[in-house]
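Each of the two complexes below includes subunit A, the first together with subunit B, the second together with subunit C.
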Partner chain A sequence: MTSSGTEKALSLLRRLPRVSIGNLGPNPGAHNEKRRGRGIYGGKTHGAGSGGSGQRQNFMRVGYETGNTPFYLRFSYQTYYKGHHLKLSYTPLCMGKLQMMIDTNRLRCDVPVDVTQLMATGLFSISPQQKEGGFMLENEGIDHFKATINIEVQWANEAVIASVERNGGFITTAYFDPLSLTAAIKPVEFFGRGIAIPRRMLPPQHLIDYYSDPKNRGYLADPAEVARERFLLAQKYGYELPDVNASPNKDILLERKDPRQIFFGLEPGWVVNLKDKVILKPTDPELKEHFAS
Partner chain B sequence: EHHCIMAQRLFYPTLRNSLRCFGTTPGWQTEAVAVPQAPSAPLILNETSEIDKNVAEVAREAWIETLDPSGENLHVGLIHLHPKVFATYPRLDIIHENVVWQQKYRMVNTSHTKLRSEVRGGGRKPWPQKGTGRARHGSIRSPLWKGGGVVHGPRAFTTQFYMLSFGKRIMGLTSTLSAKFAQDDLKIVENLDMPSDEAGFLEKLCEDRCWGPSVLFVDDCDLMPRNITVATDTINHINLMPVYGLNVYSMLKHNTVVLTVSASQCIEERILHHLNKPDYHLINCAKCYNK
Partner chain C sequence: MLKMSLYRVIEAGYRRGGRRLSTHIAPLFQETTPTQQETFSENEEDIIEQKRNKSRLKQWHFAKYHSQIQELTDDEEQVLSLRFQRKLYGSYGAISGISSAKLWPSKEELATEKERESITYPHTVQEMINIAKEQKKQEEKLLKERQEDLVRKVAKLKEWKMEVNKRVAKQEKEAQEAKEKKERLIEEVRSILGYRIDPKDERFKEALLKKEMEDKKASKAAKKLARQQRLIERLTEASAEVPSAGRSSTDDEPNRDPPSNTSGSPEV
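== the complex of A and B ==
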């Protein structure tokens, strides 16, 4: 059922003269015939008056209030924005939206899902320069979340973790420093720069606790403790924890990144040449040691 | 279940009229249909593209004709055309933009006026600053003077080049194809094989079928069969074009546009590819597409 507007238009066209070059025209208001302004009074710009400093475009500095203390200088510091330049914000991703993306084949779940895969859907934009840290999973839609995925995000709460693990999936929270995040969200552009893949930096002081905590499935936490927490969470929320060994996607679900790794399958120090389809690896022992540390 | 019922119905030729709703089910499958035809004619019921199969819109049907009038049937088969390419809303303003762009982007303005520095003369101060009682002037070629230079006039070899956004160009193609198809000016032909290489034969064929005076034949490959090439060589208003040369201006300039089956499939595949790709949101991004 084509929209009635389209059907109407096409059936109208059948009765109208043939669409030809001589028949066509722009939409009303499409072309703005701007003429160059002249004169100082009614000439419609291009005149700055005559005489005086106004004619010479002498403006005072922005914010100057002709002598009194201007607004931007009246208040020295406000406590509410202390440390704002250190705080990260995360792009919210609802579980319902995640499920929709998987159902419509927008997001692949036959590979481990991380920032790169989520950005590849084209539905999100992240700017690490504006202190954005990545993705955080939200509670909206956890009740009907059904996919079994191996997902890596930057922030997740307990309920979200439970909803992922209930379906046999795995969730990890991982920190990406701004440089690594820039590389991770736009890999092709990054490879085009021709520099070696950097090592991912460890989280700052106020975040290290979060990512070392097995309750948050942090990537720096002890895997044994994480497994224990999985079991405990299943008991708390009252679901049976599916056995991963029985699942057909076992390899994909158990794949994890090294704390210093940005991309799956690529190590720090490698240079990826997409044009010649070649990966260059460092041979110097000092470099190798540096990138492996 | 729904597909099962559909499949059952399809096997009953008497219920062929109910086939009209066949296109509305998601997923249009290739099914043989009993069309009353001579048994010698091959039946082609084409499902074209792999991309964008599940559409809610009805697929448009077109006869597949042949350029060989000697056969028993003029119509050799039936082809399904994808609605998102051949039955979109005909955006006439976008078609206009495309036509204007095609004409303008190659334009170079050669009109030229001289500046006050370029006009011959005018280096000397015509009369002293004070004392003469006349207005003060520095040069006889200033813009105030008759015969003086022009300030903001046209300067030669100003290009009118600009690139229409990729999305608009795609929409121009789909709108034009839809408009042509809606107005019965789009014909699908099996191939461009003709029995005769005479210009007169082709002109008579076009006249018999009420194909407009000007006809544009579009084929998949740029090496066309010999007969049609020879026939159209002398006729200026009947032209051959490979698929990659398809453009809005040419389609509008010619009254009838005749696509071969392979050309229409190629066009569909390419347009649907662009309409369905994951980075579709970048389609109007000048950085990526307007090179």
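== the complex of A and C ==
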């Protein structure tokens, strides 16, 4: 004599077109459907347990350890974050992602690429107020990076520089102080403020070393030394340095910003109005002198 | 109809939920100019134009939507901040009526900016680069000095170790000797008194004192004896040499006492 369970199972097999989760259900009594009580009489203790301080909701403050110095008060400082407020952090940008953006036409490489262009892709967010300095290029994907671009970022290591230059491109590392960076990442908003384009300020003392080093292609380094380093790097990594004069994008590749310049093609002191599509330039000699310094 | 100038006095109050005076939104004193919804215009066309506007939007909403802006009155120009007026220009352009001279820093602003820069960025690029180089050099110099110092010290390490060991051994030996001496004293006193006694005890000290005195006497006697012996020896030598009168002149012996000294008691 077969059990009721087996009989049930066989009957299911007979009548169901396809046995699936949607057709099957648990045996009665398999799941305990406890219904949670709600309201003044439902649930009895409302999660507070029975009697005692718990039910009376008599809680000590969070972190209190019944008298001894609590953990969150034991350490007034930690050495691992010393000087964090003086250091900048950079948004990482892999070479692979850069290549992807170029391949999918998200980023155009027929103009010099800088912070403004990278932010215009809409894929990144930088907040200078949170001590973010800009972009730093990372090693991931340097082997299959194939684009020829003139790129300006805030931090780059040797391998990244080599991968850019191998393809005939140029890379520069440039510092943007917080106000200049705010202008550079959101130019439309900046121009809506109706003020003159400011001068870009110098890096702080602890960063001047990096940006004046031709090995890092710093924007404050001597161009002749940078050219020499390009040559040496090519020898080190074992690639042939393409001749820039032969390339069709020569002008774009050789375009560089002045250390005081924020936007390509715009000088400090100019007022740009996007509504009227005009650029106003100062005439006062004092102002001219100030913005040219 | 008479043309009327309308003046509206607005108190600089606090807007709901605000902590600051709302003068940047609503100045203290405003000469109102006839706006679109004012029915004081004489021109029939204007009145018809007003009636054409069926949006039922508030005047300021309509203006905002259509990016319209009224030129600022003299009062407003004085009361509203430069920052706000520049923003108006930035959003609306030339129709805002803001003078383009306001867009650049004023003399005061420029002076403040220059002062701030001179404090925040006191050095030129070249100076900063040189400072960085100097700092690096200093660091390297310190490191080098430290390394050299370490090398010199490591060379002497063996010697120092030996010295330390010697000192330790010496100290141990001294301690051991002191202990032994103490033990010997105790033993001697014991041999005198007949029982072991604590060195700190009075009787020990007395016994020790007695022993020392006896030792002194003994040593004195010994010295005396030794002296006598020496004298006797000298005398015997002198008496031995005197008989040999016919000796060569190459006698290098020092002057001897003449035989007359042999009489009498020895010198004390």
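The rule is simple: the second predicted complex is superposed on the first by the 216 of 293 C-alpha atoms of A that agree within 3 Å, B and C clash if a C-alpha of one lies under 4 Å from a C-alpha of the other, contacts with A are read in each partner's own complex, and residues count from 1 in each chain.
Basically, a contact is a pair of C-beta atoms (placed from the backbone, for glycine too) under 8 Å apart; a residue touches a chain by one contact, two chains touch by 3 or more.
Everything numeric here is computed off the predicted structure, so don't read it as measured data.
Of the two partner chains, subunit C is the only one touched by A:L287; subunit B is not. In the overlay built on the shared chain, the residue A:D276 is in contact with subunit C alone; subunit B does not reach it. Applying the stated contact rule after C-alpha superposition, one finds that A:A9 touches subunit B and leaves subunit C untouched.
Look at A:N139: by the touch rule set out above, it reaches neither subunit B nor subunit C. When the two complexes are overlaid on their common chain A, residue A:L202 makes contact with subunit C while staying clear of subunit B.
Residue contacts after overlaying the shared chain place A:S247 against neither subunit B nor subunit C.
In the superposition on chain A, none of the residues of subunit A is touched both by subunit B in one structure and by subunit C in the other. Subunit A meets subunit C in the complex at residues 191-196, 201-202, 205, 208-209, 212, 220, 259, 269, 271, 273, 275-276, 278, 280, 282, 284, 286-287, 290.
Listing the residues of subunit A that touch subunit B in their complex gives 1-3, 5-6, 9-11, 13-14, 16, 18-21, 24-27, 30, 36, 106, 120-122. Across the interface of their complex, subunit A is touched by residues 85-94, 98, 100, 103-105, 110, 113-114, 117, 120-121, 125, 128-129, 131-132, 136 of subunit C. Contact residues of subunit B toward subunit A in the complex are 24, 56-58, 83, 87-90, 92-93, 95-97, 99-100, 152, 176, 178-180, 182-185, 212, 249, 252-253, 255, 278-282.
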